[in-house]
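Next up: some structures, all given as C-alpha cells.
You will see two complexes here that share chain A, one where it goes with chain B and one where it goes with chain C.
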Partner chain A sequence: MFMISPARLSRALRFVNRLGAVWIAVILLYLVSGLISPGMFQINETLNILQIAAFLGIVAIGQTLALLVGGIDLSVAGVVTMSNIVVTSLMLGQSETLVPSLLISILLAAAVGFINGSLITLARVTPLVATLGTNSILFGASLVYTGGAPHGSISPAFAVCGQGHIFGLPVSTVCWLAIGLVMAWITRQTTFGRKLYAVGANPAAARLMGIPVNRILISAYVLSSVMACLGGLLLTSYIGLPSLGIGDQFLLTSVAAVVVGGTALSGGWGSIVGTIGGAIFITELNSFTNIVRVSTGSRFVLQGAVIALSVLMYHLVGSKRTSS
Partner chain B sequence: MRTKKNAYGVTRRQAIRLGAGTLGFAAFFRVFPVHGADAISNAKTTAAGETVSGGKHKKKGPFRVGFSNGFSGNTWRTEMLYSLKKEASQHKDLPDLIIVDGQGDISKQVNDIENLVSQNVDAILCIANSSSAVAPALRDATKQGIVTIPFNLPVDGEAWTAFIGTDPEKKGFTLGKWLREALRDSGKIVALGGLPGNSYTASAWAGAQKAFQGSNIQVLAFRDAYWQEDRAKVVMADLIAAYPQIDGVWCDGSQDAAGAMKALLAAKRPLVPVTGDDYNGLLKLYQEQNGNYPNFKIGLLSEPTWEGVVALRTALKLLNGEDVPKRQIIEPRLITSENYKDYVRPGLPDGVFVDTELSDDELKTLFKS
Partner chain C sequence: MSDERPDALVESPVPVLAVTDVDKSFPGVRALVKVSFECRAGEIHGLVGENGAGKTTLMRILAGVNRPDSGKIQISGKGVTLSSPRQAHDLGISMVYQDTRLVDGIDVAQNIWLEREPGSALFINRRQMERHSAAILQRLGIQIDLRRRVSELSVGERQIVEIARALTANPAVLILDEPTSSLDSAESKQLGKILVGLRTTGTGIVFISHRLPEVLELADRITIMKDGEIVSTLENKGVTEDTLVSLMVGRKLSLAFPSKTGKTGATRLEVEDLSSPGQFQNVSFSVAAGEIVGLGGIQGNGQREIARALYGLLPTTGQVRLNGSRITLSSPGHAIRSGIVYVPADRRGEGLFIAHSIRENIAIPHLSAWSNFGVMFKRQEAVAVRETIDRLKIRTPSSEQPVEFLSGGNQQKVVFGRWLLAKPILYIFEEPTAGVDVGTKLELYRVIRGLGEEGAAVLILSSELIELIGVCDRILVAAHGNIVDSVTASEATEERIIGSAVRKKREHAAAEESAGKNAGKNSRRVSIREVLLRRYTGAGLLCVLVLLLCAYTVSRSPYFLTERNLGNLVIQVAPLALVATGQMAVVLISGIDLSVGPCMSLITALASYVIVGNEQDNIAAGIAICLIVGVLIGALNGFIILYLRIPDLIATLSTFSVVTGLALIVRPSPGGNVSEVFADAITTRIGWFPIMGSAVILLAIVGEILQLRGRVGTRLYAIGSNPEAAFVAGIPVERVRFFAYLFCGLMAALAGLVVAARIGSGDPQAGSQFTLASVTAVVVGGTSIFGGRGTVVGTLLGAFLLVLMQNSLNQLHVSAYYQYVWTGALMLLAVGAYSVYEHTNLNAQVSGWLQKNLRRNR
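Showing the complex of A and B:
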C-alpha cells in the first residue's frame, strides 16, 4: 500500500507553501464543493470555471501591481466598462476595425493609468480617493459617450478570444495564463519588478536607494489599467455586446482575489502566481454558490465567510513562509 | 433596479373622460405595429382605486414639472427619458421640465425631491430607488399641493396623487403560466432574476411560483443575474454543468434570458422555452435561432418605456382640472413565437426595448446606430 511518509508530506507542504497558500484553498474548495455538488467535478465545469476566471484573473493581475506598490486601483471597474463600450462602438462587428479598436482601447486605458499615477504621485491624492474618483469619471464618460444607449458589437473573429477553445482549453484561459506568466516574470526576475516591491515596502528607503519612485508608481498604475482593459476586452469577447454595468463586478472582487492570493494590502509583499490562485478561488466559490441549493441571502453569507476563512488560513499556513 | 416595461391597450382615455370611477377599463387590441406612435393609445390599461378629482389640482398654466429619476444608465431608462422629454416639448403649457438624477442613491433621491419642492414645481414625477424611502418626501410634497406621480416602480402607501405602472406579481404569474403551458405542466427549470434583493424580481418570482403550484414543474435553482447578459451567461454556464436536464428558463428580464440562451449555445445544448421582456437582443436571437431549435419558444411581457409619457400626461390632466384614476395599471401583451415579428427590430441594437412609441429613425438617432 502506498504510504505518505512524514518527510514526503512535509516536502509537499513546502512546495505548496512556495507556490502560495491560496492553492491549498483552491484545491480544498474544489474537493469540498465537488463532494457537495458533484457537478463541480465535471470536466466541463472545471473548464468553465477556468474560462470565467480569466476575466477576473487578468484584472486582478493589474490590481496586484497597484497593491504591491502600496496603493489600490478602484478604477479597474470603470476601465473594464470603458473598454467594453469603446471596443464595441469602434469595432461595429467588422473584422477590418478589429486591430485599431483594440489598440485605441488599450491606449485609452494606459492614459487612465497615467492620470491615476500622476494624481497619486504629483498631486499627492490618496490612491483610494484618486482611483475611486477616476472610476466615477469613467462611468460618467461612458454614459455621456453612449448617451445611455450603447450600440455596436464585436467582430466574429474577436469572439474566439472569449468563447473559443484551443487544444481543449478555453482561449481566454490560455491568454490569462500567458499574461500571468509574463507579469510573474517581470515582477520576479527584472529590476523593474524588484523596484515595484521596494517602492511598496518602503518608498522613502527606495528613494534613498536612487529608485525613481514616482516613475515606478505611475508605471504600476498604467500596467494596472492596461490589465483591466485586457480583462474587459476578453469579457467583451465572451458576451459580444456593450453593457454599461459590465465592469461593476470587478470593483471589489479584484481586490478580494489579490488579497486571497496572499498579496498584502500594505504593499511590498505578494505575487502574481498567488493572484492567479485567488482569481480561481473567487470564481470557484461563485460557481459553487451558483450550483449549490441555497437561498440568495445564504449565498452572500457563504461567500463572505469562505473568503474570510481562506484569508485566515493563509495567515496561519503562510506565516512560516520565507518568501512569497 | 432597472425598470420593467410593458404594453397595454385602453380606452383608458375615454373612461377617464367619462369620469368613470373606480374601475373604468376597456380595451382594444391593436394589431401592429406595436411600436410607433400607436404603442400608447393601443395599450390596455386598468384603472384601479378611487378617482382623483382634477378640480382640487386645477391651476393656471404655464406649468413647471419636475422628474426625479432614481438613476440612469441602462437603455430602458434612456428610452424612457427620451420619450418623456419629447412629450414635454409638445405641451405649450409646459415650458419647464426639470430632470434630476438620484444616481442610484436613496438619500440623494429624497434630497432631489425636496429640492424640486423648493423650486415651486406644480408636479413631481418619480421613479423611486426605494419604495419606502421616498414615500415621506412625496407625502410632504403632496401636502403642499404638488401633484405627485410615482411611476414604473411602486411607492409605499397612498400619500401620492396617482401611480402609473405594471403589476410585477401579475406579470410574473403570467410568465410562469406561459412557461408551465409551454412545458406541458412538467419539467425542470431554472430561474434568473435582477439585482439581489430588488422588489420587482421578488414580486414577479412570487407570482411565478403561484403559477407553478399544482404542476410537475421542478425549480432547480433561482439565481440573481443582474439583468445583464454577461452575468446571466456566467450563472447559466454553472447551472448547465450542475444540471444535465434543464427544460425551461424563467426570467423577469430578457437580458437574463439572452445570456442564458447564449450559455446553452456555448455548451452545445438545445435552446428551451424561456420568458422575459421586450429586450430586442432576445427577439433577435429568437429570430436567428428558432429554426435550429424547434423546442425554443419565447413568452415575454414588456414594461413600456413610455410610462413616463403617461405620467406626464396624467399630471397635466390634473393641473388642467381633469379627473384621473388613482392607479393606472398597464397590462402588457404577451409576446410569443406567434407574434414576435411585430416586435423584433432586426436593424436596431440589442439594447433597444421595443415597446416604445419611438420610431426606428428616432431609435437609430438615440442609439447612434
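Showing the complex of A and C:
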C-alpha cells in the first residue's frame, strides 16, 4: 500500500518551495485550463490574462509590504475606488489635466497611507482595525463626493496605459513588471528594504539595532497605499470610466495574491516576485472559473479555500517561519 | 521559635513529598543529576543554591510543568506521575511562582478561585467565594479587599494573593519559589509569620530563597543544591550563613579561562551618579580601555537595568562620558553611533532575526556603512560577513543559512559577530554564554578577551559568578539598585561577591525597617459603587451621548419621536446588537471574526428557502437549520484557527470569502419570500414597542449576569487578559476559544434571521455592512481590541448609538452615504482613544482622581 508520511510530505513540499511553489502552481493551472479550453494556449488569451493581472498585481505589491512588516492593509480597496473617482472627476476627458490629476490622486493615497501608519504606530490601533476603518471612510467619502452618481472620464492620452500595447505586450503588463522589478530591487538591495524585513521579523530586535521602527512602519503603509493607487489608476485607464466600488474586489484578492505568493503573515518573510506569481495565479483562477462556467458564488468559495490552503501549505513547508 | 515546632510531625515517618533519583536533561545541559529530596509534613524546608543550580528545574517538575527523564516522585508515600499543573495541584502540590501568575483584568477573589470557583455548573457563588477567600486571607493574617483588581496591587500583595490561591486546595506541599525576592522587609516578615502558621497545620513547605538569613530563620531543614546535584541536607541547628555559602559555591574551576593580561589603558567609560527612577540610584563606575568589568550580584538587583540604560533604553539622570566627552542616552541608535553596543540576554526575542540568514543578521547594524544613497554594496557585505564567519569560526554551510537552524553557540557567535566590525568603544554583554555549549563558551571568552586586547572596554553581566571571576579584571557587585562593592580579579571569590551582595541586602532591609517605611500602609477598600463605576463609566458616557443625539434630533425633526420611527429604530438595532454580542465574545479573547457579515447574508438567503409557508413545524425546522448553519460556520472558524493554527485574521478572511460565495450560490440575487407568519412573529409589536427589542434587552441582561457571575465570563476575561496565567490555572484555553467562535456564529445566524424577517426575502448582500458595524459597536461599547475587557451592556449601547446616528441623519435629511464615513471614523476614534488612554498615565490619573473623590464623598 502506498503511504505518504507527514515527514516525507513536508520534505517534498520543501523541495517544491525552493523551486518557487507559486510558479509551479501558475504553470499547472495554465496547463489544466489549456487542456479544458484550448483557447487558453493562444497568445492573445495569455496576454489578456497578463493585462488583467497587472491591476491586481500592482495592488498586491503594496499589500506585500504591509504583510512584510507584520501588518495588513485592508484599505487598498478604498484607495483603488478613491483613485478611480478622483482621477476621472479631475481629468474630465482632457489631456491638460492629466498630470495634475494623477499627482493629486497619488498624493491623496500617500496621505491615506500616512494616516494608516500613524494610527498603527502612534495610536497603537491594530493594523486590521485601522485599515478596515479607513477603508470604510474612503468608500463613504467616494459616495459622498460623487453623490452616488460618479461622472467624468479619462483623457484619451491616459487610456494608452491601460489599453495600449508596446512591442506586442500590453502596456499595463509592462508597467506592472517595471514597478515589480523596482520594488523587488528596493526590498532586496537597499537599506530601506533590509530594515523593512528586519522590523517585520522582530520589531524588538530591530529597535535594539537602532532602526527607527515607527518610521519604517509608516513608510510601508504609505508605499502600500501608493501602490494601490497606481493599480487603481491603471485599472481606470483600462475601463475609462469612474465606477463606485470598483476597488472592493481587491480587498480579498490582494491578500490572496500575497499569501499564495508565499509571504508570511507573521512578517519579515516573503518576496515581491512571489506576489507577482500570486497575482497571475489568482487572475488565472478567475479566468479558469469563467471557462468552466462556475457561478460567482463558487468563485468566492474557491478563493477563500485557496487563501486558507496556501497558508496551510506554507505552514507545512517551513513550519516555524509562517507561524505567528 | 524552635519551641513552636510540633516535634511529633517533624518525626513523621512518611515524608509528605519524596523525590528519588530524579534526572532531567535539556539539550546540552544536565539540569538535574540523581536528585533525591524529601519534605516532611509540618516542616519548612529551605532550598538554596546559586543561579542555575537546578532548584527551579526541580520545582517545575514538582509543579507538573516539566517531566523528569527518570526517577520517582511520591506524595504521602504514594507514587505519582505529574503530567500537568492542574494534576499536580489536584494531587496536593501547590506552587507559588516567583513571577506571579495572576490575571490582571479580574479582581482578587476571582484570582484566588480561578477555575475552582464555588457554585453551580453555570454560575459562581460570589458570596461563598468571598467568604472562603476572606477566611484564607484571615488565616494568612492579611487584609486585601477582595474587589480590588490585581493590576493595582503592590508586588507584595500580589504574592499574598498567589499564596492564598495556592491554599484553596488545602495542599499537602506548598512550594514557594523565591517568594521574598520582590518583597520589602516588613512584607517578608509577614510572609514568615504566615509560613510558620501554615507549618502548625501540617503543611509541608518548600522555601526557595537567595536571602540566607531568612532561610536560617524560618527553615527546619536546609537542602543545598549545586550544579544540578544535592550537596547536602542539614538540620537547621548551629548552621551559619558562612556554612551555607561555602557549600553553595566552591565549584571547581572546570573551565580553562583565557589568561588575563591585566594591562589597561586610558579610561573609556565614566558613569557618574546615574539614576533611573524605580530601577537604580546613583551608580558610578568607570571602565578603562582593555579592561573587562563584570557586573554581578544576585539577579534582579538593577544590573540589567544599568546595562539597558547605558544603551538608551531607559530614562536616566546623571552623567555618562565616553572617551572623555559627555554623551546623552536617548536611543539605541544614538548609543550605537556613540560607540556603545549591547548584546541582550534574550537571544531569540531581542537579538536575532530568527528566520533571516547569517548574512542579514550580521549586516543589520552596518547598513548605512555598507551602502551609498541607500543602495547596498553587495560585495563589501559579502566580504565582511565572510570575514566575521571565519574570525569567529561560525560553523555553517553558507552565509545564507537561516540562523534558526544554527546551534545556540553559533547563534550567539552571530550576535557577537555583528558588532565586531563596527569597532565600538564599549561592549555590553548580558549573559553572554547562556544556552551555549562548553566548547563554544571558551571560544566566546577568548573573543571577549581579544576585544579587550584590541583596546575596547567591556562590561559583562552574568548570573554565573564563576564566569565573571574567570573572565573579568574587576567585578562590581550590585544590590538593591546600587553598586555596593568593587572586587579586583585577584581577590574575587564567590564567597566575597555573594557575601557583599547579601550583606547589603540585609543592611537595606534593616534601614527600611528602622525608617518605618511600611508603618502606616493600609489596604485600600473598594466599595460596590466603585466597582460598578469602573465597569459602567464608558456605558454611562455612551448613554449621555445617545440622549444628546436624541434631544438634538427631536428639536430638529418632529418625525423622530413618532411611534412608527421609534419602533423601526428598535427593529434596526436588534440584528446589530445580536451580532455585536457574538463579536464581543471573540474580541474578549483577543480574536476577531470577519465572517459574521457574510454569515448573516447566507442565513437570509437560506431562510428564504427553508422558512416558508405558514406551518409552525416547518418554520421551527427552518429556524433550526439556519441556526445550525451559523454554528457550523463558527465551528469552521474555530477549527481553522485552533487546529490548523492559521491566525484569526486570515482564517476569518478566508471564511469571509467562502461564506460570501455560499450565500451567492444559495441565492445569486435578492428574491424569494420568507414565511409571513415568521416575519410577523419576529416583528410583532406590543403598542409601538417590538417584542424583538425586549428579547434583545433580556439577552443583554442575561449576558451581563453571565459575565459578572457566570463561570464563562471569568474564563473569557482571564484568557483575554493573560492566556498564560489562564492556562496555568487549568482553564482549557483552546476549548473556550473554540466555543467563542461557535457562539459568534450562532449570534450571527440569529441576527441573520431577524434581518430576513425584516426584509421578507433572501438577499446575498444583506449582511455586508455588519462585519464592520459589529466590530465598531463592540469597540465603541468599550471592549478592548486586545481582549480581556468589555461588557455586553456597553456593546448593546454601542450598537444602539450606531443605528441611532443613522436614523437621526435620515431625519435630518443628511445623505445616507455618510454612514460609511462615521462608522469607520467612530471605530478608529474609539480604539485610538482607548489605546492612548491605556498607554499613557492618563489611566492612572483618572483612577487616582476617582478614588480620591469617592473617598471624599463617603
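Quick note on the criterion: the second predicted complex is superposed on the first by the 273 of 324 C-alpha atoms of A that agree within 3 Å, B and C clash if a C-alpha of one lies under 4 Å from a C-alpha of the other, contacts with A are read in each partner's own complex, and residues count from 1 in each chain.
Here is the rule we use: a residue touches a chain if its C-beta (ideal position, glycine included) is under 8 Å from a C-beta of that chain, and two chains touch if they have at least 3 such contacts.
Please read these numbers as outputs of a predicted model, since none were measured by experiment.
A.B. asks: Check the residue A:L102 against both partner chains and state whether it touches chain B (first), chain C (second), both, or neither.
C.D. replies: Touch partners of A:L102: none, neither chain B nor chain C.
A.B. asks: Looking at A:V311, would you say it contacts chain B, chain C, both, or neither? Reply first, second, both or neither.
C.D. replies: A:V311 contacts chain C only, not chain B.
A.B. asks: Touch test for A:I218: chain B only (first), chain C only (second), both, or neither?
C.D. replies: It touches nothing on chain B or chain C.
A.B. asks: Applying the touch criterion given at the start, work out whether A:T296 contacts chain B, chain C, both or neither, answering first, second, both or neither.
C.D. replies: In the superposed model, A:T296 contacts both chain B and chain C.
A.B. asks: Of the partners chain B and chain C, which touch A:V79 in the superposed model: first, second, both, neither?
C.D. replies: neither
A.B. asks: Going by the contact rule set out at the top, does A:I239 touch chain B (first), chain C (second), both, or neither?
C.D. replies: first
A.B. asks: May I ask you to name which of chain B and chain C touches more residues of chain A?
C.D. replies: The partner making contact with more of chain A's residues is C.
A.B. asks: In the superposed arrangement, does A:N48 touch chain B (first), chain C (second), both or neither?
C.D. replies: First partner only.
A.B. asks: Should A:I280 be classified as contacting the first partner (chain B), the second (chain C), both, or neither?
C.D. replies: neither
A.B. asks: With both complexes superposed on chain A, which partner does A:G147 reach: first (chain B), second (chain C), both or neither?
C.D. replies: both
A.B. asks: Enumerate the residues of chain A that count as touching chain B in its complex and touching chain C in the other.
C.D. replies: 139, 143, 147-148, 296, 300
A.B. asks: Within the complex, which stretch of chain A touches chain C?
C.D. replies: Answer in residue numbers: 72, 119, 123-126, 128-130, 132-137, 139-141, 143-144, 147-148, 189-192, 194-195, 197-198, 201-202, 204-212, 252, 255-256, 259, 264-266, 268-269, 295-305, 307-308, 311-312, 315, 318, 320-321, 323-324.
A.B. asks: For a test of understanding, state which residues of chain B touch chain A in their complex under the given definition.
C.D. replies: 72-75, 77-79, 81, 196-197, 221-224, 226, 228-231, 233-235, 237-239, 241-243, 259, 262, 266-267, 281, 349-351, 366-369
A.B. asks: Going by the contact rule at the top, pick out the chain C residues touching chain A in the complex.
C.D. replies: For chain C paired with chain A, touching residues are 311, 313, 331-337, 342, 344, 349-356, 360, 363-365, 367-368, 371, 374-376, 378, 404, 592, 640, 644-647, 649-651, 653-666, 668, 764, 772, 775, 779, 785-786, 815, 817-825, 827-828, 831-832, 835-836, 839.
A.B. asks: Along chain A, where are the residues that touch chain B in the complex?
C.D. replies: Within the complex, chain A touches chain B at residues 37, 39-40, 42, 44-45, 48, 52, 139, 143, 146-153, 163, 235, 238-239, 241-246, 249, 286-287, 290-291, 293, 296, 300.
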